[in-house]
Structure formats: structure tokens, C-alpha cells
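Notes to accompany the following structure.
Chain nomenclature is as follows: A, B and C, assigned in order of appearance, with residue numbering initiated at 1 for each chain independently.
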Amino acid sequence: MQQFVQLIVSGLAVGSVYALVGLAFIMVNEATGVVNFATGQMVAIGCFLGVTTSLQMGLPLGPAYVLALAAMAFFGVVFYAVVFRPLQDRPVVTVIIGTVMIGIVIQNAALMTWGSVPFRPRSPFGRQVIDVFGAALSAHALFVIVVAFLMIALLYLFIYRTAVGARMRAVAQDRDAARLMGIGVDRMFVLTWIIAGLLTGAAGILVGPMWFADVNMGDPIALKAFAAIIIGGFSSVPGAIVGGILVGLAEMLGAAYISSAYKDGLVFLVMILFLLVRPQGIFGERIGQRA
Amino acid sequence: MKPRTALLAACAVFLAALVLPAFISGYGIRILNLALISAIAVIGLNFAFGYAGLITLAQAGFVGCGAYITAILSTTFGLSPWLSIPAAVIGTGFIAVVIGLPMLRLKGHYLALATLGFNVSFVIVATNWKSMMGGTDGISGIPPLALPGWAFATDHRYYYVIWAVLAAATWCAWRIRNSHIGLAMIAVRDDEIATGAASVGVTRIKVQAFALSAVYAGLSGALFAHMANFVAPDDFNLGHSIIYLAMLIIGGEGSILGSIAGAVIVTFMPELMRDLGTAYMIVFGALMLLILIFLPKGLLSLTGIVGRRLKASGR
Amino acid sequence: MNGTILTIDSLSKNFGGVRAVQSVSLAIPAGRIFSVIGPNGAGKTTLINVLTGILASSGGKVRFEDRDITDAPAHVVASAGMVRTFQNGRLFPRLTVMENVLVGAHHLLPQSVWSAIAGGAAARMVEIRRRAGELLAILGLAGDADRLVGALPYGRQRMVEIARALVSKPKLLLLDEPAAGLNSGEVERLRGILESLRTQGLTLVLVEHNMGLVMRVADRIAVISFGEKIAEGSPAEIRADPKVLEAYLGHGYRHAEG
């Protein structure tokens, strides 16, 4: 029983990370139409920046993380300028390949900067456990869950309760109409990419202490986040959250109770089933198949 | 360049390529072989994506199907490569039809994700089904292609096999492009509704395009297996599927010659830049990004051999 | 040619709560030009889309030459001999004029990739190309065969679409506003083509707004308003029908003499 509770908690924790990454992906896709295949690399960079600011620069963890997040926000702007703007209005696949190429650049730059040896970032809570009814729950896992949901709540408030958020939603719904209404569309794009940078950065910082950190860490995380979005509903914000949690839980419980090796396969099998039977996911809208 | 001139130029290049091995060193031939094997897969991808507009991230998975089928048949079952290779090609095509029929009901990024799921699943199965597919260790000891008493066991010798297969594959692709099937594939991408109204069974054409891409991929994979004599799951992961797409777009999508050019460039570029040291992949990625930005119709547009079709699509 | 070639029996189409086509029944006589008119948004294009398999019906039946084709897929309908053109035209921009036309003949050729490589249908393809060439000549496109279709002016593009529909020797051609965007010279040319097709035995169903064209070529007219058929008859009958005038012009219209 205790193990079950521990698995639930770690499933929720890793699931919240997937939710954050999924949200970053959805936001960019909704607002700018870009399918960002460098999302995984952004997560990895977020993690490394967290390590750099805390370990190598010796800052206390709070300011270190803030600095790392600020750097990720800036990174989002760079992404916008280098990949999005030049390839704006190109066909979808061209933009995808563009993000892949920048992902290669990022991954190899990370390799040059931080080397290829994996390491284990420290959590602000170290390896503390909290005893809840006899179950030893990782303090860091609980921290991840809390922080992730705080961020998501803040994001929700920002998007749905502020004027700027309303403008972003307008741009996502109809770019040309928004432009005609005087909304600075490009500014909204930059803002979207900044948010994406913050979300992926936070995901990277949070997930680092749970597993290892190395230059290749981003892709498996991004893939599971993709699966989470599919299952939850491709353009759906609650979908990303629910999907992320489901994927995280499935991964942890599946690894323990079914098979450690095929745990990833399980997640993708569910994803493919959704794509075939209910492509709009749990929360998505019905997709018209004919004219 | 007019199409006829392009055809003559292509023939000249192919003939010139026959004498290449005399001028290139051992490692260079290995890279050239890899490039040409990839070219076969990219020509296949051109049917599905360049013509029919199906965003497929499954190509490396199909290459893997071809590689593993021939590997298993020729090692575990001791079949001659002359039999296992065709079996691999047909088998891969069959797999594509089976998964294509349900998947091709999906469109756009949903199809992309379904094909992504297939590729990822393939790697997971190949990694974990140790008894049949060797797990992360893969399958080794794959015999080379051989005639009685003479094996195509060196890169130099195998080059001619690959050259012949690529030439045949290119010719078949050209025939298909100029047939009503090729026209229907291009039409489907341009306007699916009008295509259906013009008497083309749209689902059937999509499955044909998809299956063709898989057949070419399977052939590519099978050739690879008998060259490297070893296959492992990571050779066929999602990253490779994306590289195939990149090869097609950078070379010139919708063009058979573009497919070959893209494969050659993207394979050789990193090798040529190795001298730059650790930063070479960064330069490669940046260069590819620049090509995407400044040459929207792909590298082939530099030579003027842009298919009329590419011009019209306004990309 | 006698008899009814297309029977539409109480055909309906709903989009959620919107009843776009409400229980429409028509009997299209073979070898004649039958026109469907009505105010904008009346459901005419939706009707054609349901007939040709682009949309699923919500009720009713369609029989073409004694064959039930209700909800048959678009390519099956086309292969059976009932073809159509689209409002504003739908062409394939990456193909030439000739290639656009050839797509219409797809079902006449073997459907296998292998035959495409091996060239089994070469003779039939030659025949189809010849016919396509003839059609292009009749429609005034003789020199344009190898030009990309996007390079043509709008009026000629509409003709390419007609050629694509005709290349497979269909029995019935549905035209969705073929005169839209054409100048009077082009409309006159279109009229000549439609009458010539009728002489050759083709049945035509013409959805149109251009009343001048409709009144001059149509043998029979049906009027659709808000998804329902409100009138059917000869051009003279339709012109005098008060329900029709009301549908177009609203209440209280007094018909000027003429």
C-alpha cells in the first residue's frame, strides 16, 4: 500500500512535468501554429541553467532558479527571432524541420558547454522524505507537484483573467482579425515564446533531481508530453494537464506493476489507440473527417 | 532547365557516378553508400509527403522493418539474402498497408503523430523483444549479398549493387510520377475534395502512396542490413524519420532528383565538417536552418531543375 | 433520350440544428438541361454536395440510372457517370492543364502501382490523352495544355474544370454556378457549350444565379428557398410564379409587366 502511494506521488510529480511541457507545446502551437520539435532541448537547457546558476555560480537555490527562468524567458525570445520569424507562413513541415535543426544546434551547444557526463542536480529538499501514514514520500516530488500546479494556476489566471491574456487568445483564434483590431500580433508571439521558455525551463529544473540530467534528457520527456497532449486533447489546456497526469501515473504504475521495460510502450500504445478511436483526445472537439 | 534537359543531366550524373569508386577512399565510399541507401528511402518518402502530402514520421520505422526482416530471415532462418531482401521489401509494404488503412483516415498533425507513434513503438518492440530481434544488442552477423564464389563484402563492391538498385528505384519512381497514379497523388495533396469528385478513390491513393514509401524504405533498410552486417534499434528511431524529412525538404520536396540530392547533402555535410571539431553539428544545424530560410524550394532550385509542380505550389 | 436519369427522393441534410436541405424531391430527365435556382444560402450547393458524396445525407434516397447511390463516396459517384464542377472552381495548382483534365479519367485506368511502372495501360492512356486534347480544343484551351493551370485567367480555369469532368464521358454533369465571375462574352460561350453538350445526349444540372443564362438554356427549372423546393416547371412558368418572386425579392413585390 505504501509503495502504491509513493508511486502515485511520483506519478503525479512526473505527470506535472509532462503537463508543463505539454502546455508549452500547446501554447506555441495555438498562438503561432508552430509544432516545436525543439521542446525537449528547451527542457534540457532549463535543467542545465538551473544547475549552472545554483552549483557553478554558487547562488542560493531561490535566486538561482529565478535567474535560470529569466534566462529561459530570454531564450524563448531568441527562439522566436531565429526560427519563428524567418520561417513564418512557411508550410508546417518546413517549420518542424526548422525547429529540429535548432534543436540540434541547442543540443550540441549544450554538449560543448556542459559535457557529456550525466549528473544529478540537487533538489532544494535534498533527499528528504515526508512520512504520510507510513508512506515515505519524496519531498521533492511533492514540491514538484505544488510548483507545477502553482505555475499552471498562474498561467490560467494570466490567460483568462488579464487583458493581455485576452489579446493572446484573440491572436490564437484569428490572427488577421486580431491584427485588424489593433492587437500587436508580433508582440503576442514574443510573449507566447517567453511563456513557452518559462514552462519548459521550469519543467527542466523540476525534473532534474528526479532523474539524471544529460544532454539527451529532453527527447524522452518531450515525447511523453506529446503523448499526454494527444490523450488529453491536442489543443486543450485542461487536456494537457489531465493527459500529463495520466501519462505520469501510467508510467510509474506501469513500470512497477506491469513491466519496467515496456512502460514507455504502454504510454504510446494508449496514444495510438486514442489517435485511431478518439483523435480529439479526452477534451478535444470533434474533428470533421469529411468536407 | 526543361524537364528533358533535367532527364539528360540526371542520366549523365548516374553514369558518371559509376566511375566514382576509383576516386574515393574507403571511408568516403562507406559514406557514399549510406547516402545512396538513404536516397532510396527519401525517394519513397517523396511519394507519401512530396506528392500526396501525408506528413509521415514513420519512414525510419519502415526502414527498420526492412532491415530487421532481412536480418532475421538471413541469420535465424539462414535464408539467402537474394530471398530475404525481397521478402523484407514485400513484408514492409504489407505492414504499411495494414497500419495505413486505419491511420490514413487521420489528417495533418494527427497523422504525423500516429506515424510518430508507430516509429516509437517499433523501436520499443525492437529494443525489448530480445529473443527475435536481439534487443539493444541488435542482430549481428548478417551475411553480405553474394554470388556463388564472390561476395559483395566490401564497400567498393557493394557500391555497384546500391547504384544499380538506386537507378532502378529512380526509374520506377519516374514512371509512377508520370502515370495517372502519380498525378492522382499530387492532386490529392492539392485538393482532396476535388480529387474525390474527379473519380479518384482518395483513401486508396493515400494507402498506395504510403505503401510505396514503405516499400522503398524497406528496400533501403534491407540494403543497409547487408552492408553494415549489423542492425540495432537506435538506427531506426524517430530522429532518423525526421532526418529523412529534412533530406527531402532540403533537397527539394516533390522532386525525385531533389530527394537524392537532399540525401547526399545531409549525409555528407556533417562528415565534411568534422574538421571543425566538436562544433560541427552546431554548424550543420545552423546551415540547414539557413537553407530552409533562404531556399524554400530546396537545394535543387539552385540548379534551376525545379519541377514545374514545385513552382506552382508557391512554397 | 427519354426517361428519368436521376431521381432525388425526399433528400434532406441537417447540420446540427440547421436544416440546409429539407426533403427535396426532383426527377431529372435524361438528355435535358435542368436548372436549380434560388436565393443565396438556399441550400443549392449543399444539395449538390450530398448528391455527389461530398456530404452525408440526413435522409432520403438518390437513384442514378436505376442504381441507389445514396451516400456513395464521391469517387464512386463519379465513376458511375455523374460528375460535377465546383463553385469558384477547384483545380490542382501543381499540375498542368492537361494533367488536371487527365485526373478526371483516373477510374478508366488500372488502379495498381505495378501497372503504372510496367506500362500496361499505355494504349488506353493514349486514347484518353487524345480525348482530353479534343476537349481542350472545343473549350478554347488548345494551346494551354502544358501550362500550369494557375497561370490561366479565371474564365479559362473554369473551362479546365469542365474538361476534367467530361474526359471520362459521363452521363450527367452537375455544374455549380459555372457562370460566376465570367464576363458576358464568356457566358455566351458557356451557353453554346452547354447546348452543344445537350445535343450530344449529356444530361446537365445547372445551379446558377445568372438568370439570363438559365432562362435561355434550361428545359426545366426547380426553385429552392431555405432548403425547400418551392416551385418547379418550365422557364415561363417559373418566371410568372409569385412564390418565386417572393423568395428572391421579399413580400409585396409587384411584378412589372413583361
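Keep in mind that, in the parts below, a contact is a pair of C-beta atoms (placed from the backbone, for glycine too) under 8 Å apart; a residue touches a chain by one contact, two chains touch by 3 or more.
As the structure is a prediction and not an experimental result, all values here were calculated from the model.
> Give me the ID of the chain with the smallest distance between its Cα centroid and the all-protein Cα centroid.
B
> So, comparing C-alpha centroids, which chain is the farthest one from chain A?
It is C.
> Compute the distance, rounded to whole Å, between the mean C-alpha positions of chain A and chain B.
The separation of the two C-alpha centroids amounts to 32 Å.
> Cα centroid separation between chain A and chain C, in whole Å?
Spacing between the chain centres: roughly 51 Å.
> I'd like to verify one number: the distance from the centre of chain B to the centre of chain C, where each centre is the average of its C-alpha atoms, in whole angstrom.
42
> Could you say which residues in chain C touch two or more other chains, in rising order?
Residues 54 of chain C touch two or more partner chains.
> Scan chain B for residues touching two or more other chains and write them down.
193
> Scan chain A for residues touching two or more other chains and write them down.
As it turns out, chain A has residues touching two or more other chains at 291.
> In their complex, what parts of chain A are in touch with chain B?
Of all residues in chain A, those touching chain B are 35, 37, 82-83, 86-87, 90-94, 96-98, 100-105, 107-109, 111-112, 219, 223, 226-227, 230, 234, 261-262, 264-265, 268-269, 271-272, 275-276, 279, 287, 289, 291.
> How about chain B: which of its residues touch chain A in the complex?
Against chain A, chain B makes touches at 49, 55, 102-103, 105-106, 108-110, 112-114, 116-118, 120-121, 124-125, 127-128, 193, 238-239, 242, 245-246, 249-250, 278-279, 281-282, 284-286, 288-289, 292-293, 296, 315.
> Where on chain B is chain C touching in the complex?
172, 175-176, 179-184, 186-187, 189-191, 193-202, 204, 208, 211-212, 254, 308-314
> Touching chain B in the complex: which residues of chain C?
52-54, 73-75, 78-79, 83-84, 86, 90-96, 99, 102-107, 109, 111, 113, 116-117, 119, 121, 125, 148-150, 164-165, 168
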